[in-house]
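Below: one structure in structure tokens.
Labels run A, B, C, D, E and F following the written order; every chain starts at residue 1.
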Amino acid sequence: MTFGLACCAIEMMATAMARFDIDRFGAGIFRATPRQSDLMIVAGTVTKKMAPTVVTLYEQMPSPKWVIALGNCAISGGPFVFEGQYNLVEGVDLLIPVDVYVPGCPPRPEGLLEGLMKIEEKITGKRRFPVPDKRW
Amino acid sequence: MTDVLKIAVEAIGQDTLRVILGLIGVLILVVINALMLTWAERKVAGHMQRRIAAKEVGPFGLIQPIADSLKLLGKELITPMKVDRVLYFLAPVICFIPVLVSFVVIPFGEGLQVRDINVGILVILAFSSLSVLSIFIAGWGSNNKYSLIGAARSVAQNIAYEVPLLLSLLIVVIMVGSLSLKDIVEAQKGMWFILYQPIAFLIYFIAGVAETNRTPFDLPEAESELVAGFHTEYSGMRFAIFFLAEYTNIMIISAVATTFFLGGYLGPYLPGIVWFLIKTYFLVFVILWFRWTFPRVRFDQLLNFSWKILIPVSFINLIVTGGILKL
Amino acid sequence: MTKVTEIIKGAASLIIGMGVTIKAFFSPVVTVQYPRQTIDITPRFRGHTKLLGDEEMPERTKCVACGICAKNCPSRSIKKVEGEKKEGEKKKTATTYILDFTTCSQCGICVESCPFDALAFSADYNPAGYSREDFLYDLVKEYEKRKKV
Amino acid sequence: MGAAEIIFIIIALFTMIGALMTVLSGSLIYAMMGLISTLFGVAGLYIYLNAPFLAMMQILIYVGAVSILIAFAIMLAGPFTMKPKEWTTVTKFIGSIVVSVVSFVLVFRAIMQTPWVQGKIKNFNVTTKDLGRIFLDRLAFPFEIISLLIVIAIIGAIMLALFSRRQG
Amino acid sequence: MVEIEELKRLFPRAEIAEIPYEERGYHLSIAVEKGDIPDVADTFAKKGCYLFDLFCVDYLDFLELVYFFNNHSAPYRIKVTTKLDPEQPTAPSISRIFTIAHWYEREIHEFFGVFFEGHPNLTYLFLHEGIDFYPLRKKQVKVSEEDKKRLMPKPPGEEEDTFFINLGPQHPSTHGVLRVILKMDGEYILWAEPVLGYLHRMHEKMAENRTYQQFLPNPGRMDYMGALNFNLAHVKAVEKLCGIEVPERAEYVRTITCELNRIGSHLLWLGAFLADLGGLTPFLYVFDDREQVLDILEAVTGSRLTYSYFRFGGLYNDVDGEFIEKTKRFIERLRGRFDMYNRLITGNVIFINRVKGVGIMDEALIRRYGSSGPVIRSTGLPYDIRKKEPYAAYRDIDFEIPTGVNGDNMDRYMIRLKEMEISLNIIEEAINRLPDGPYRAEKLPKKLKPPKGDLLSTVESPRGELGVYIVSDETEIPYRMRWRVPSYSNLMTFPELARGCLIADAIAILGSYDIVVPEIDR
Amino acid sequence: MTGGYLFNNLYIYLFLALFLLCTGILGVLFRKTLIGMLISLELILNGAGLNLVALNRFVSPEDGYGVVFTLFIMGIAASETAIALGIIILVFRKYRHIEGEKLKEMKD
């Protein structure tokens, strides 16, 4: 489902677009309603005001369901964590169970695709796709 | 017993067994067609947007729709709390009936017709109105404002577009003098009706696209406005049935257009069914093409277009055609 | 009459639009099929940081564990920088350098502020993992892993 | 009991239950559902009466137009109220039941006592062509009147809509 | 337009001082008693000024309300300040004179606890009831019980025949997490109210915790679409504050990259706008082009979205020949693509019918809201900071400002298309003139400790007039940093434009603003 | 009585038509809202139609007058619904409810 919160949403869109084409894996249909989604990609900062909505949306999804935390903000609050911060949930995994983390600020589209494969690996137990060379 | 059967057959119609077998065949066809079309939709969309689309699952991604449907089967069936349960359950069922019934009368090839009813086209038109009803019930039963707006839009849209659809088909019926689809196809032996009646064909096709709620007339499920419209609250298999019905509706609209205007199964060299499928799927492709080219029209524009342009034009067309035929 | 021409014009515009999409339909795709193909990552790509090796002594990194980067980091991503002074060397050598990538904003201030030019960006463009702790990189260990490859 | 008969009974029951649902259900939307099932049942009965054209017209006009209009009215009149209160007072309810039951009994007796003359032809078969002939030859005048009525109805509906828009 | 003598005569009690514009970024400073504020605002409103910004600074001894006025014909920025008692801060509301002040005042109320007399609805805008102190006060001040009651949102009264729709926070067309409450009568919108704060990331608070340098990555995350423009605004402000000279090459590269960024932003807007109207394919076509922009920018900055490329006194690293080569190729490519967009979108009769005559704005409305950017250029005002208060290399480059006539969605669309073409011209010109030399100032202080004072720096972001106001107190950390973001004042015109519209039109209008929610929420 | 089958029996159709009529009367009498009454009215019309067709089928199968008149009924029903809908909406706009009992003003 489309759940763009912030900067990373743009990269999420980029992943769906012609250059990277997430639809090749059959994951191309971004549904707007939680009822028809399997995977929630939390792309961006989750604020305390947003948190109840995130939880509701997660609960509205029919199981089996998965969650990707895309970007540093969704993983841990990212660069917006500082002492005395008052409006940030420091990681979406405090609210809902997260299956795969894709770090970066924002992550490249390849990161999201990699996350998708990680999800598949987690479900099926093996990786169908070749592992691209690790770059240092 | 044979005696009873005879009377039963007399009462119901022709060959019950044939009908039952045909229904099973139609069911299989419907499912395969819907699966094919979801795949085709993705591929068409993908290539129009210069990307590959479904590829990784199976050769050319052909296994993708099957994988998707299996996934949908395995999904949890959520019944949201505040829905009207009876209506919520009923809507997908009602949605599926017209789809099945309509296929019964469509002649796929010479003799390849489940049942030739002498009021064939009326059957399709009559039952197609049921799909509106299912959308209405789904929207009402979901207890969701977006769904309800979607349902309201759908009802208004269908009232508006049913009229030109009927009128443009009526022209062909007048020309042939029969309501049976088979007769209509046979009447096109010499010339396809699209050449006599291009305007009627256009009106029918536009109204048909509107009836199936496809872009640019996809207001009941307008994603950017109403989240997912009438099926916002549906998940899993129930949602899949809506999806199935939508794709089958596209197929029916195209098939009726083929039968009425493009000479149905008539064509040289190849067997009838091949011609029929080629023509039908070409029209389906055009509908998909529409979707991936145009933005959505606005609600009032949609209604104005029907009431102010399509209906007058098709009335004039009807009168002119009737006049010419009498002269 | 104007209305008729309007309708015809409108229909023509629609057909022109359809022409654009059908042309795209038959033109080649632009997709880069990750993971079978990958895009060339630019050498300036900013992934997480990495420690550079000393040219003279390749077994150690340039990092001397001064902690300037940790102080300058906007989001306190550099959790721990420790080093020890080995015999016969003037400077300290880093033994642990823990970067919490999940709070990093890839801004490059640490790279800029390092007085010894010990930091650089890695081209690790597609990290993904199953837990937060996967991204607590110990850059010294990473360096050793890299050396082996 | 053949298959046809079983189906017939099912259809008849369907019609009756639909009719009961139409009048007795508490919410308008269920009443509409009941009406639709009745309409379908009657259409099925028409098929048994060898009038398939009529059956299709029944579905086309009643289900396709009338019930959709009613749905529209429900939606416009009771927006987002799931169950508008339908139940009336008990006395009125009992009164209505008495009226309908008495009329039922009286008419039923009348039906049973009337000596119906059965037609000679066994196979009743009215084609669409025959219907057209009847419409335009022998019943041309009533047909025109009905057409006029529909035109008046359309004009009237438009007038009402315009009037209500001016008010709102 | 505004004469000092006249002002002195009108407000004898006020302290009026002219300010060196080159150093401080504004022209006039007026300190008034708080009772005079409505009169002052009224005077400026009559003179055709708009409220550029309204915010508060906490000086511990007193709270200072700062009003910035400006006008669209020739920039003349006027700072009006007034002092408030920190214990019981109250001020008169000017939301009747400038409608945008309605939201600014609500913001100040929840962040500082200033009570505005005569304000109709001082409820939560950004925050929620979980935060029980005023976040931007220097000393922690608890929200009083009375204030808490006031802050709780009042449930809008539901009448018969109407119903409410929550557009968002999770809705496909809100471009992020904006929530708009719509009161509907059937398909028609009777009343709309945006609810912000779902992405409030405390940038302004963070600025008070970080050094100027450490704040560098933040602006880019405020507006991730125009990251470089925001980056530039911050860098420019600090450079002015510290008196750092920027080498000319850096200025030119800044211009080029900013314009590339602007093109990228406009392209994405184009796609998103069409997606709002229901056409998905253009979205993918624009992304195809946008990927080219990203490739160019990534090759030089190392990042695809949030660049933080500009540094104080220059750039993060220099551009090379390949960059110029690639940019030139991109210019050619995009120029060729405009024809395709015109055939696919501009000429399409459905598109024209959807956007023409929808969401009409006029100058009076814009003045009340202080909107900016393509949104106001659509009404025919040629107001562009790149031209009116040139910065970076825009001083040397001549370009035209596209304007519309009707102020409807169609004009906004056409202007953005035209702006992309003009940006291409600017880039071409700048590349031709690109001087050699260092890309970064040589002598940079190790620690940035700007002198005491305040400063306003403005930049034309893809969405409009962006302003940074910095108060420095001679430390490494800004005392107060205020971001005046363009989307904020653009978005606030939505309730007025959406009234009486169909829901589909409202979504088209919302799409035509090109809002970026994190920028509004900050 | 023709044949031994239920569906070849005139009385069963007459009975069903009567049933529809009586439920319709019941509904019209006690339904509270105008729409409810309208729906019940449709039942009565359907009963009449069924009656006509059944009599046509069994009493005088030579011609199709019953069928034709049922078609007339359908036309009337459609126009009646359209008009009634208009009136109902008008009433709703004016009085904000559609309950028949409360509409005292109509009597004057």
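Observations on the model:
Please note the rule applied: contacts are C-beta pairs under 8 Å (C-beta built on N, C-alpha and C of every residue); 3 or more make two chains touch, one makes a residue touch a chain.
For clarity, every value in this text was computed on a predicted model and none was experimentally measured.
The fewest steps needed to get from chain A to chain D, moving only between touching chains, is 2. Core chain by CA centroid proximity to the global CA centroid: A. Of all chain pairs, the one linked by the largest number of contacting C-beta pairs is D-F.
Set against the Cα centre of chain F, the chain with the most distant centre is C.
Centroids built from CA atoms put chain C at 50 Å from chain B. Rounded to whole angstrom, the centroid-to-centroid distance between chain E and chain F, based on C-alpha atoms, equals 64 Å.
The centroid of the Cα atoms in chain A and the matching centroid in chain F are 58 Å apart. Touching of two or more other chains is recorded for residues 161, 163, 171-172, 186, 210, 217-218, 221, 281, 284-285, 288, 306, 344, 348, 350 of chain E. The set of chain C residues that touch two or more partner chains comprises 14, 17, 20-21, 24, 29-31, 33, 74, 105-107. Shown for chain F are the residues in touch with two or more other chains, namely 5, 7. The residues of chain A lying in touch with chain B in their complex are 17-19, 21, 23-26, 28, 31-33, 35-36, 38, 60, 62-64, 128-129. Contact residues of chain D toward chain B in the complex are 1-5, 7-8, 29-30, 33, 36, 47-48, 52-53, 56-57, 59-60, 63-65, 67-69, 71-72, 75, 79-80, 82, 127-128.
Residue ranges of chain A in contact with chain C, taken from their complex: 18-21, 24, 72, 75-82, 91, 93, 99-105, 107-111, 113-115, 117-118, 122, 129-136.
Against chain D, the residues of chain F that register as touching in their complex are 1-2, 5-7, 10-16, 18-27, 29-33, 35-36, 38-40, 42-43, 46, 49-50, 53-54, 56-65, 67-68, 70-72, 74-83, 85-90, 92-94, 98, 101. Of all the residues in chain C, the ones that touch chain A in their complex are 29-36, 38-39, 41, 47, 50, 74-76, 100-107, 122-132, 134-135, 146, 149.
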